[in-house]
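Quick one: the structure is below, and I'll ask about it shortly.
To keep things simple, chains are lettered A, B, C, D and E as they appear, and every chain counts its residues starting from 1.
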Amino acid sequence: MIIEKKLLKQDSVEKLFAKLKADGRRILAPKAQGDEIFFEQVASASEMAKDYIQTTLSPKGAVFPRVEALFRYQMEGKDVKIENNSEPQPTVIFGLRPCDAASFAILNSVFSWDYQDSQFKSRLAQTAAITVSCSRADEYCFCTSVGGSPGDTKGSDILLTRIGSGDYLAEILTEKGKAMVTLAPELFAEAPSEDKEKYLAKVPVKFDLKKLTEKLPEAFNNNELWMEQSLRCLGCGACAFVCPACVCFDIQDESKRESGVRLRCWDSCGFSLFTAHTSGHNPRPVQSQRWRQRVMHKFSYFNDRQKYLGCVGCGRCSRKCPADMNLLEHLKAIAEAR
Amino acid sequence: MSEPNIYQPFLMRIDKITEEAPLVKTFKLVFVNDEEGKKFQFKAGQFGEYSVFGEGECTLCIASPPTRPGYIECTFRQAGRVTGALAGKEEGEIIGFRGPYGNTFPLEQWQGKNLLFIAGGIALPPLRCVIWNALDLRDRFKEITVIYGARSVADLVYKQELEEWAKRGDLKILTTVDPGGETPDWKGEIGFVPAVLEKADPICENTVALVCGPPIMIKLTLPVLAKLGFSPENTFTTLENRMKCGIGKCGHCMVGKYFVCKDGPVFTLAQLNQLPPEY
Amino acid sequence: MEELRKKARELLTSGAVKVIIGYGPGSGKRVRAVFVRKPEQADLLICDDRCLQNLAVYLTKPEVKALGKAAVVARLPTLRAILQLAAENQLTDGQVVALGISPEGKMTELSQFKAIEEFLAGFSFELSAEEKATLEKLDQMTPEQRWQFWQEQFAKCVRCYGCRASCPLCYCEKCLAECNQPQWIPAASHQIGNLDWHIIRAMHLANRCVNCGDCSRACPVGIPLHLLNQKLAEEVFKQFGARSGMKAAQEYALCNWKLEDRENFIK
Amino acid sequence: MSEFEPKIVAFVCNWCTYAGADLTGTSRIKYASNVRMIRLPCTGRIDFMLLLKAFEQGADGIIVSGCHPNDCHYTAGNFHARRRWMMFRSLLDFLGIDTRRIHFAWVSAAEGAKWAEFVNSVTDQVRKLGPNEQYQKLSQAGVE
Amino acid sequence: MARIGVFICHCGENIAGTVDVFKVAEAAGKFPGVVHSVEYKYMCSDPGQTMIKDAIKEKKLTGVVVAACSPRMHEPTFRRACAEAGLNPFLCEMANIREHCSWVHEKGEATTQKAIELIRIMVEKVKRNKPLYSIKVPVTKTALVLGGGIAGIQAALDIANAGHQVILVERSPSIGGHMLQLSETFPTLDCSQCILTPRMVEVAQHPKITLYTYSELESLDGFIGNFKARIRRKARGVDEKLCTGCGVCIQKCPQKKIPSEFDAGMGKRTAIYVPCPQSVPNQPVIDREHCTYYIKGKCKICEKFCERKAIRLDQQDEIIEVNVGAVVAATGFDILHSKDFPEYGYGKYPDVIDGLQFERLASASGPTLGAIKRPSDGKEPETVVFIACAGSRDDAKGIPYCSKICCMYTAKHAMLYKHKVHNGKAYVFYMDIRAGGKNYEEFVRRAIEEDGAVYLRGRVSRIYEEDGKLIVKGVDTLLGAQPVEIKADMVVLATAIVANQDAESLAQKLRVSYDPYHFLSEAHPKLRPVETNTAGIFLAGACQAPKDIPEAVAQASGAAAKVAGLFSSSELSREPVIAVVNRLPPPVFSTCTGCFLCEKACPYQAIEREEIKDRKGNVIKVVAKVNPGLCQGCGTCVALCRVKAIDLQGFTNEQVYCELMAL
């Protein structure tokens, strides 16, 4: 559903940033900190990291911050005054990958499947994604196995693909994207008649998704499988926190004397106490069950309930796992099991 | 933001506090904002997120029946950070409440049926809601039987209501305490709930059974019910998984693909048998 | 490496141990922890300079414990971790066989704590020149610069607790971070929460950290957490002459004292 | 313009410093009223986390005081504390936290005058340092 | 359910004069959880306490904060009042707005504000207080008395006569202490030894008293009711069971020129010796430092002559362990030594002596058999100068305090001298005469008026020798600071009373506090003068402060009464401020991870290991457990515990945390 195709000169990015900022938007773009790359607010395009396959953290924090106030309150004598957050600032995420862009729909499916999470929705509504398609991939990437691709347009407002000249082929995909173009029409030139495909990374399909989703419900009871896969799992939350589609959260109060805030914080189903009752009873007492929950949730439950897969194949979880839990490898094993 | 904040609780004033048992209290809560109170509706079996500002939220069922509008009640045992803070609250103080959440007991479908309630310890509150609901609409149901047990006489909750129910002629009530938990003047049964149930031998025809209690009690009661002829479809219970959001988002309460907070907390035994053992 | 595989086969065949915790092939060029339970799988084992993870972390995991007596491929920090765990009552002598790997890659079977102690006695545990230089660089900054440095680092922290999970000495069943009565450490990964968490973790590891560096390697956002632990380890050594994990009956410097301990900071 | 008045939190042991501060009172020796005292049985009980929390609660300065070496009512609590503070201070310093805001002292039950002098000197020093901006800036940072 | 009552005391003007108590009461009434906030003139008074009790009942209070003086002063008072009203006493806390606020700050807004905040802190604490119940511990009904001077003797006899076992430990070979050295005692001039020795014999013969002389306390562990003392019995070299005290060994000992400690150096003794003929026990010890056998490896004359074969030259020190329930420290005093008086030539001129030496000269059993002879040449001194306050009340000597007994004994000395040397001249230099005691002033007047001692008010600046005379230079301030010079034959210094050299190390062994001069500290200067801050350890005599005999005896009897009170029941209630390791339902059992670092840190060895077993008896885990009898509640383990599985009742993590949150 491409509205139009344009050419964005590489040196126009800086100008585009200026226009976006002038429009009152904050720009989040990949910025290097040591060996790691984070989406951070940038003042200039020159601050951006030059070359990367994937950022360390996904851009989900823009719509689902790792710590956000649900509301603030003030005790006045015995009365309580509640104050909701103000409207979030319009934000442009620049330089995210197509897999990341695809994750917004997954997050949205959770936050609006039944009860409508207004805070998430307004953050999402205020966020525009200028995605840059992938020219490189590594062995952890498997977007093509889960319905995505290095040049996929899902979830992006504008998709940029760097072509031979170093300039970007810009696909304006949504009204939001169009609105950004309207801010600086002069920067968007006529698109050349180039096929973006040849500039995209090649990501082979690694497993049969259909087979996997079919086999998973049955695999649930295969304790040995989960145990074998997860013996080395250390039970940290790194995979969940770098994941663009993980949405589990915790609600925490913090207060200082009479005033306080109710916070929503990222949580991970891999933590041993994620399901623990106050009584000490824990429905998922061992790590293999928590690993199973992670896999089942993403590839079976999500599918069933939200009609989305809970994974975009970005590979971050496997790249960052301190114990080298390779999700792709384990999915393959399940999909190919007889 | 155009839509309301689903995490923003109603402000509730603690109207009355009843000490039920050691560390167990019941709060009667009224809406600070009358308008909200008038609009508020719920059904038996539903729960809410109760919050102490500065400490956090905890999940508790609504223990009062929907037939008595204008207030809600919750009964809790002081255990963690939030229930501990709740216990420190005074009449007149304000706490937060979000809800009602979750599914309900299908009371409409139970018209003309016998109701058998089986509860243990601190798990009576969800059933108490249904019991009062049924009593308030007494003519819709046939026989109502309550079997309730606790470790000791002191641990029984709703002591006054138990007496009140015992005095009513329109329901049969059996209260029991574990052997050794009786007091000298204890007039109820002595023994574990499954045994009392078996002895009571309720009829299973046209009867639904509602069971709530500690895991061990449930585990031992279900076979007795089966023996008595209750089908899994007619046996109901509630699950109490750890919850944070209560509205099917945070992921904490998942049992298999189900959210206890959305698809539960009320399940039939038939449904439970289909669930993975993650509760 | 052949030596190691041979020993592993031997141990498994004889039934001396039920599982060898070692390094095996991982994703791409990585290696990962493997749990070899059959003699014929012993060829999976790898031992080269990619093998850095402190495998002692698995010795306190219930699932791994359930596999039976283990032999663990152990570089020096792993050996120290074993002794430190022993000192903290988490391992008993004879419960684990260490397949000690010297920095040159030579393997020695160490089945008693005493043997590990003697083995370790042959090495120096001073920080390398490079490590010292890094610490010094930070020490030479002004406090404001150091504050800036660490605040930038901690701002990245998402509280995945990878540092904790990968640490062989973080074996507490319910970490203080999960205690909420009172909530000493805010659960949220905001600046205060992160600062608290990293200060408290560093304090808890003072004179316990075995300098394996796994916390930093595990950190998905690249915080050099090991520097905090190294700093305190150096301080403990300087002040009290103690190094962690050198003896199975190790004394813990912070539950010990000497009359002449330094107190020039006390009025 | 009124001068900045720092908030000082003092963690003291029950047997020496608390009693010493009582003696300051009985001797009617005046000192700065900025200090709020938290009484604990022994310096050994003073968890380093308490100090962190005090800063988070807006303390501009912290005092930790107990019995002189060998005077501990519980024999060795102050010795344990001394080692703990040594490590804690060095960690805070390494993190760039201003250790000039944390002061340690031994004040015995007989040193009422020393307590007054110590409180005054800490208050003066912290007043010169100004508000604890490091921590003030942290508050709410990272919450969206 | 928090229903806190706040009670603010005016303490007359002590608090209300500086703090706006009305404003404080109003502010406190608004704190969350506070349902009652009042102020009153004197909360500790009967009507004040009644107010608290009434409010507890009427308002159904669940916690009480009394904002008044230091909890060290009145916490027990208010806790008792709460208990009487049916509230667990540990639900009462005090906010110290007097010692820590009104007395130390100027009147003003900031001070009132501080009082409000101090109360808020305690309100937040008390909300988290839990009812606590006293801990019962068994009591070993044996007392350990340290020191066999008059105070120790009195305490031992009183306790023993009350029917309890006593172990009396004396460092020197005989009991009796300094009193045994005295010639006569003021103000009655009765013979010291005559009144003391019967008591000493009574001690030796008492069936309930075990006497260990020539012994010292090595260490003390445990706690009230349950101490374990290790006592070093120094090698006497003599088998006490065999020795009859015949004294042949002493007569035969070739070493005869050793200065006698008992005679304060005025007389000599042998290497095997008893301090004095009245010694109890009357059994000699061998002074190994001076004994020929130990110096040269041969001699053994004593062994040869001892008919009972009681000499044990190879005897070693022996450490015995005893279990006791209470300890009375009656270790006495020392006097300031010669090196401290260069200006008086003390130590340089043999005729400048101290008070104790004069006592020995004057004593009928002393080296001169009671004749006053000066040490240098044995001549009877014609002029004697007595200098009071030699060191006492002298900042330059580091002794600002008054030694209390010198005025009296100096008068006694002057009197004794005049009684023995009728035409002698006695001059007394003094600063003030402090004779506050029954018949004391009269005694001093007698010395001046009847016995003609010349009292000169002023200090002596210097003493030097000239032509065989001691020239005493001083001033008489009553004559307008006129210089005075006296040619004396002997000078007696009333040297200051100081704590024993090892008083500090003793205090550390006993874990009791001590003052800057190393006198042991009482728990309260007025109301608990015989107790120490360490429960079960009591004080008697001059180890606490300079005292005369009747005071020492009185305090000893007081300490004995306290011990007898403690021993009056076989169980003792202790404050429940102790550490506890949490226990939770399965599958957690306890958050303790069993690292046992706490075990090593505990100064009382109160941490034990508990195995948690499943139904089949398999050990699931090993966790820490606190022995409530041993724990003293320091909380070092709590600070050390990483997971906070261990907590200190009364000062729990939650309480302290919430105190901080109230800042």
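In this text, a contact is a pair of C-beta atoms (placed from the backbone, for glycine too) under 8 Å apart; a residue touches a chain by one contact, two chains touch by 3 or more.
Bear in mind the structure is a predicted one, so any value in this text is a computation, not a measurement.
With steps allowed only between chains in touch, the distance from chain C over to chain E comes to 1.
Shared contact partners of chain B and chain C, listed by label: A, E.
With centres taken as mean C-alpha coordinates, the chain found closest to the middle of all protein C-alpha atoms is D.
When the C-beta pairs in contact are tallied for C-D and for D-E, the bigger tally goes to D-E. Chain centres computed from CA atoms place A at the largest separation from chain E. Centres computed as Cα averages put chain B at a distance of 64 Å from chain E. Here the CA centre of chain A is 39 Å from the CA centre of chain B. Mean C-alpha position of chain A lies 72 Å from that of chain E.
Rounded to whole angstrom units, the spacing between the C-alpha centres of chain A and chain D is 46.
Counting only residues that touch two or more partner chains, chain D has 48, 53, 57, 70, 76, 80, 84, 139, 142-143.
Chain contacts: chain C has residues 174, 181, 184, 188-190, 193, 254-256 touching two or more partner chains. In chain A, 67, 75, 250, 252, 254, 256, 263, 279, 281 are the positions where the chain touches two or more neighbouring chains simultaneously. Contact between chains, using the touch rule, shows up for A-B, A-C, A-D, A-E, B-C, B-E, C-D, C-E, D-E. Residues of chain D touching chain E in their complex: 5, 7, 9, 14-16, 18-19, 21-22, 24-26, 28-33, 36-42, 44-48, 50, 53-54, 57-59, 67, 70-77, 80-81, 84, 108-110, 116.
Contact residues of chain B toward chain C in the complex are 80-81, 84.
Of all residues in chain E, only 70-73, 96, 98-101, 103-106, 110-111, 114, 117-118, 121, 504, 508, 511, 513-516, 521, 533-534, 577, 601, 603-604, 632-636, 638-640, 648, 651, 653, 656-657, 659-661, 663 touch chain D in the complex they form.
Across the complex, chain C is touched by residues 48-49, 52-53, 56, 69-70, 76, 79-80, 82-98, 103-106, 118, 134, 138-143 of chain D. By the touch rule above, chain B contacts chain E in their complex via residues 17, 25, 87-90, 93.
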